[in-house]
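Across the two complexes that follow, chain A remains constant while its partner is chain B and subsequently chain C.
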Partner chain A sequence: MNVALAKTDTGSALEAALAAARERLPAGGKVADIRRQALDAYERTGLPHRRIEDWKYTDLRVLMREVLPLAAAPDAAVLKRAEAALKTAAIEGTRRLVLVDGAFAPGLSETNGLEKGVSIRSLREALDGGDGALQAQLFSLDTSNPMVALNSAMLTDGVVIEIADGTVLSRPLHVVHIAAGAAASSMFTRSLLRLGKNASATLVESYVAADGTRTYQAHDSLVIAIGDHSRLDHVRLVEDAADAVNISSSAVTLGAHAHFNIFGMASGAAVSRYQATIAFAGEGSRVETNGVNLLRGRQHADTTLLMDHAVPNCASREVFRAVIDDSAHSVFQGRIIVRPDAQKTDAKMMTRALLLSDDAEADNKPELEIFADDVTCGHGATSGALDESLLFYLRARGLPEKDAQALLIQAFVGEAIESIANDALRDLAEATAGRWLRARA
Partner chain B sequence: MPAVQETVDRVRRIDVDQYRYGFETVIESEKAPKGLSEDTVRFISAKKNEPAWMLEWRLEAYRRWLTMTEPTWARVDYPRIDYQDLYYYSAPKPKKQLSSIDEIDPEILKTYEKLGIPLREVAVLEGVVKPQAEGEEAAPARSKIAVDAVFDSVSVATTFKEELKKAGVIFMPISEAIREHPELVQKYLGSVVPTSDNYFATLNSAVFSDGSFVYVPPGVRCPMELSTYFRINERNTGQFERTLIIADKGSYVSYLEGCTAPQRDENQLHAAVVELVAHDDAEIKYSTVQNWYPGNSEGVGGIYNFVTKRGDCRGVNSKISWTQVETGSAITWKYPSCILRGDNSRGEFYSIAISNGYQQVDSGTKMIHLGKNTTSRIISKGIAAGKSQNTYRGLVTAHRKATGARNYTACDSLLIGDKCGAHTVPYVEAKNSSATFEHEATTSKISEDVLFYCIQRGLSQEEAVGLVVNGFVKDVLQQLPMEFAVEAQKLISISLEGSVG
Partner chain C sequence: MSLLEVKNLQVRVEDREILHGLSLTVNPGEVHAIMGPNGSGKSTLSHVIAGKPGYEVTGGEILFKGENLLEMAPDERAAKGVFLAFQYPVEIPGVATMNFLRTALNAQRKARGESEYSTPDFLKKVREVAKSLNIPQDMLKRGVNVGFSGGEKKRNEILQMALFEPSLCILDEMDSGLDIDALRIAADGVNALRSPDRAMVVITHYQRLLNYIVPDFVHVMSKGRVVKSGGKELALELEESGYARFEDAA
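Coming up: the complex of A and B.
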């Protein structure tokens, strides 16, 4: 009974929010239809709960309770606060693209002097362009997932990046999601990165809040298409405010002989979920996904990955590390599908959780679904406390307990962090982990 | 790879005719009216002369069942079962007390002969003890096994009851136990698998007709292996057996079960519930060789094996170990589990599941760590061939207070051919920092390098495959009692015979 009420309540609020969002995203009748359908799809389930298998460990009816009202379009004061936040969030040597409260902020972004073969537009502009294929690609995410459906229905803006064939981008692109609203609100964004053939690029995404921001929910989504013989390096840093919710969905497709390397680190947000589908569409491609969760207090972070081996001769690696303190909760759900014709697939998945407190919780669900016989697939999952004998070894050599712990934790997450190809970004991730450890001591 | 296609063909060719237990015994039987209603429940209860509390218990389960829906989460696919189109009770017509082997119904005699049980054992099975025949060659020494033979809905014989009684062990059909030891049954029945547990367990609670009851008193090591042989014979029947094993403080018991059924075009439902209770320092070893009729090469017929098995390590230092060899059934849906309630208790699960033809297996275990310093181990080997789907689904969870919990899981899958599927769905939940869980899984086909190595050293292709497969499943076979290990070895060679072209 309660559940039904909650759903209706959220539903009617959403209708109003959708009306508002429609104003915010000018796009033709077709897009409006798609969004209408997406909202219907969302309303069939409402906020996902633990009875839905994919959300077994992340019950949003408990963790989120409601969808906050849509954030207002940023005004001058908000942009000013966002600009201040950029001082710490900016990463040197990258091209900055800023979204404030779910709207692209050209004033804070560097869109001048673009390299040859690179096009960057706001989602708004891109949809205005009336490119049907692009529209279809933008809405290719699977709306049977309620949070994707909600995002599709409500999205207000995003960044559309297109990189032409043969373009090698040396300067990483940095998409910064800043929450700076003065009222409790939700933002809904969708971005797209299209990488042509024989191209390469590095994309960094970070999620931060400006000082004085009220509680918020960031609902983000990202579509990535990697062309033949191309390589994309992707780094995600979730550093949201301590009371924020971050729900990010991603769909990645790889052409032939392509390479995708992603590293994600969640140290912020009260509740975060990263759900990604990575699909191999061409032979000879390789994916490396690496993730680190650094959680304390009552934080809840969920990583749900689907690796879809639909074609032969592809390789995938998943390395996931969670460090969980206090009464925090880390979830990893990894599924590898090897479809009937995907022979010679080589897939591996390893997830490890380190529990630093007796109230911490780690849930791992590493799934294999294999329909082809000439494949090598493996997965491993471990969870436990810090190794007493290693701690003893370090302490016997004169390290104080906290330092010894910090060293071991650093080594534990190091394996995932090392996968970052870009030196500066790797240092940045290491520094973030270091800060987290120091805050613990 | 041409060999793979040939393998598929060969495996497909063997799996239908290889089912050796698919015959039918023509025997008079009496049945409950077709369909399921409160009257059916009352009929079964009346047939068993049950006390009122038992009938009430069944009816409560039946009413609960009416409100439930059939689960759909398992990776199995089958047409809807018409629960009104089944006989819920079928028993061979009662016969007079047997005093000599010559009085045994020749049909039944033949049944056991065909099932591969030696004559001496048949004599035992049918309730007569055959004196040592003069001039007969001394049979190889074998350890005694007490057998409870369940034929369709009823237990036809239970052997060695007297000898077990001397040791204080109660081993009898559960229908008898309800009448003779109501205090024990009332105390334990449904205490591990509650009547409301799941759709099939609730159905079973309403209509179960027979099964085995074992009680081992404190400090007793059960003097022989106990075993139950389940046989479905009648057409259109469902078999709903219920087994309850209680090992009191400091006792030990090893229990085996085997299952076969005739070859038919229809699907038959087998929904059993097994409950184990181990008190302080007690140990229960439960082994299954499941060889229900798997259906023909087109996937027609076969048993739906929807079973709920759960053990409760209730006392400190208790231990429950499940070993299963699964080769039969059209569809298997079972997760023998351990609730590790007592401190220092231990749960084990060893499984080999071999699927062929159109078989679907969704099996695994649950290890629920509640007590301190509890340990569990899961070794699961799945072999998928033909067009079968073989899923391991398992849960390992440590409660907040289960400090020092440890689990080791290894689940491996082997695929033979490219039309089958092997899946692994583990859930690993750690809720305190001192719980140490390790899980690993691999999926592969038999490595050509390994085969080449063996062949180069003079083994034939078949021998090489046999060697690799037996090595692969060795961990599990070692856990089976001797007699069953031999049988299981045979089963494995049936399923893989000629798997390499």
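Coming up: the complex of A and C.
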């Protein structure tokens, strides 16, 4: 491949897209400058490829080839399709916040009757507000990562959620990313959730496509800040269309004695990558990350996590399960950094891959960088087929082969799904896994 | 018609022949004991009847209710009424016992064209059976056999036997890993399931088990064949003389 040419082509196309869309992109304060710098940063590498260590198993030049043109602002027809998609995508009992083709859709969102202490705005509104600190926080993602840089350069909208100190939000917030465009396109979103002190909330994010949507790329990013003594439960469900690309980046910081529990499941999209940095900024905090990939066909899903223990007395748990059929490919890269001051860190990471076919591929890359001496850190990784002795036991009890496999697969991902604290959301994740299994039979 | 007819069965595992022409006929209501030293092929016979992969049948046949059992998948055999109580029941983490039992029972019923049990009907049935076997409800909530003692695992096998109501029960070394009290409980469970419609094949190394489950027929296996058959007194004879003279006979 002629790398230089590819980069120039992509870069100039993006510059043209950026120029054409200038009117539509938020650009208040320093934002225009930040975008320009981010685009420059992106252009230095272009789409990341296998020679960049972090992208070794997920070569976007091969998997994505190009960045599709920026999605048009949703018109009435697009919004109508998105509304239809909500019939199945909506989750009962949650407050719905909808992004359609990268634009906040107030008409489809539930922003009235907000609980006391909760503020919800579109990203555009928040940036236009001219709050310098908020702006800095929104652009705190590390643009040395090319896909973060691209996202910073191109982002059109998102949801900014601020939850005040002492607010306990019982109704989960559901950010629904809907692709509904009639032309092949990319959408770029950035959202923020700021949780004050002594507060708690549940955030669900799901990625879906409306019927009749052309091929698309969802480029999303999320900044999460969790205050002291606060708890955030986060559920991500990637159920994008079978030919879609989903590149999501996230930066999470925790204050002291805070708790972050995240569950992510990728069953949709042809290519997906979830890259997250989770940083401990206060002592006594805990993070549980649980992930499940359910892949078939030629799907490729990558989870890349960086757990940054910078302060003492924090604990992190990473449990990751991949079920890989046909010639699908699952990637897990988990890096744990324990910085010199982070004594009494307790960090564990366990990944398991279940290979259902000879062509299925799982790549696990655990990395531990430990600079403190009084810590407990561990990681483990396994991959293999379904246990023949368990299969035979089930079949000897009357379960046909596919049913026996389904029961064992469900048990395999169950451990990760069980980590979801909210009963309704746990049932939802189980149902999603169940649908995937039934489609297999 | 006999329930089970094993005729001149020859079985290989990889390059080794384990069964060299074994024959056995079992009629409804009968309890057969198969005894023999380690390596005589007892467990191989039970695995081949249940359909475990990895065995190659190179000769002979197995008829079950007159049908060719060897052509059926393991789950079809189960639905037709074959039940193997495993020597070492596997642990299945993440699959709740109750869910497993219901899924298995309904899969068998579905295969036979019978209606599936509703959840309340199933719960009622399972509770009745569990009670009769002294199985605490708590055990049913746990993962299949996860953390169960040897005795609990065997009781779980008997619970399934009672629930699925098979016409042929094969008990593979049911006594292994059980102390005398656990053995008695398990044997009582098995005895309660004896019926004129149901046959049992009890595979064991030791005569001890047969004090609790008294067989109608005893077969001695050695080197992949049945070398002697007789009544229950044959087991006592074996206890005194050991397997050595039968090994010579083979």
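The rule is short, and it goes like this: the second predicted complex is superposed on the first by the 436 of 441 C-alpha atoms of A that agree within 3 Å, B and C clash if a C-alpha of one lies under 4 Å from a C-alpha of the other, contacts with A are read in each partner's own complex, and residues count from 1 in each chain.
As a working rule, contacts are C-beta pairs under 8 Å (C-beta built on N, C-alpha and C of every residue); 3 or more make two chains touch, one makes a residue touch a chain.
Predicted, not measured: the structure shown is a model, and the values here were computed from it.
Once the two complexes are overlaid on the shared chain, A:399 sits against chain C while remaining clear of chain B.
Ranking chain B and chain C by residues of chain A touched puts B first. When the two complexes are overlaid on their common chain A, residue A:412 makes contact with chain C while staying clear of chain B. Of the two partner chains, chain B is the only one touched by A:343; chain C is not.
Look at A:360: by the touch rule set out above, it reaches chain B but stays clear of chain C. Shared-chain residue A:374: touches chain B; no touch with chain C.
Contacts of A:40 after superposition: neither chain B nor chain C is touched. Annotation: chain A has no residue touching chain B in one complex and chain C in the other.
Within the complex formed with chain A, the residues of chain B that make contact are 1, 4, 73, 400, 403, 413, 415-445. For chain C in complex with chain A, the touching residues are 50-53, 73-75, 77-79, 83-84, 86, 89-90, 92-95, 99-100, 103-105, 107-108, 111, 143, 160, 164. By the touch rule above, chain A contacts chain B in their complex via residues 53, 340, 343, 353, 355-385.
Residue ranges on chain A touching chain C, taken from their complex, read 387-390, 392-401, 403-404, 407-408, 410-412, 414-415.
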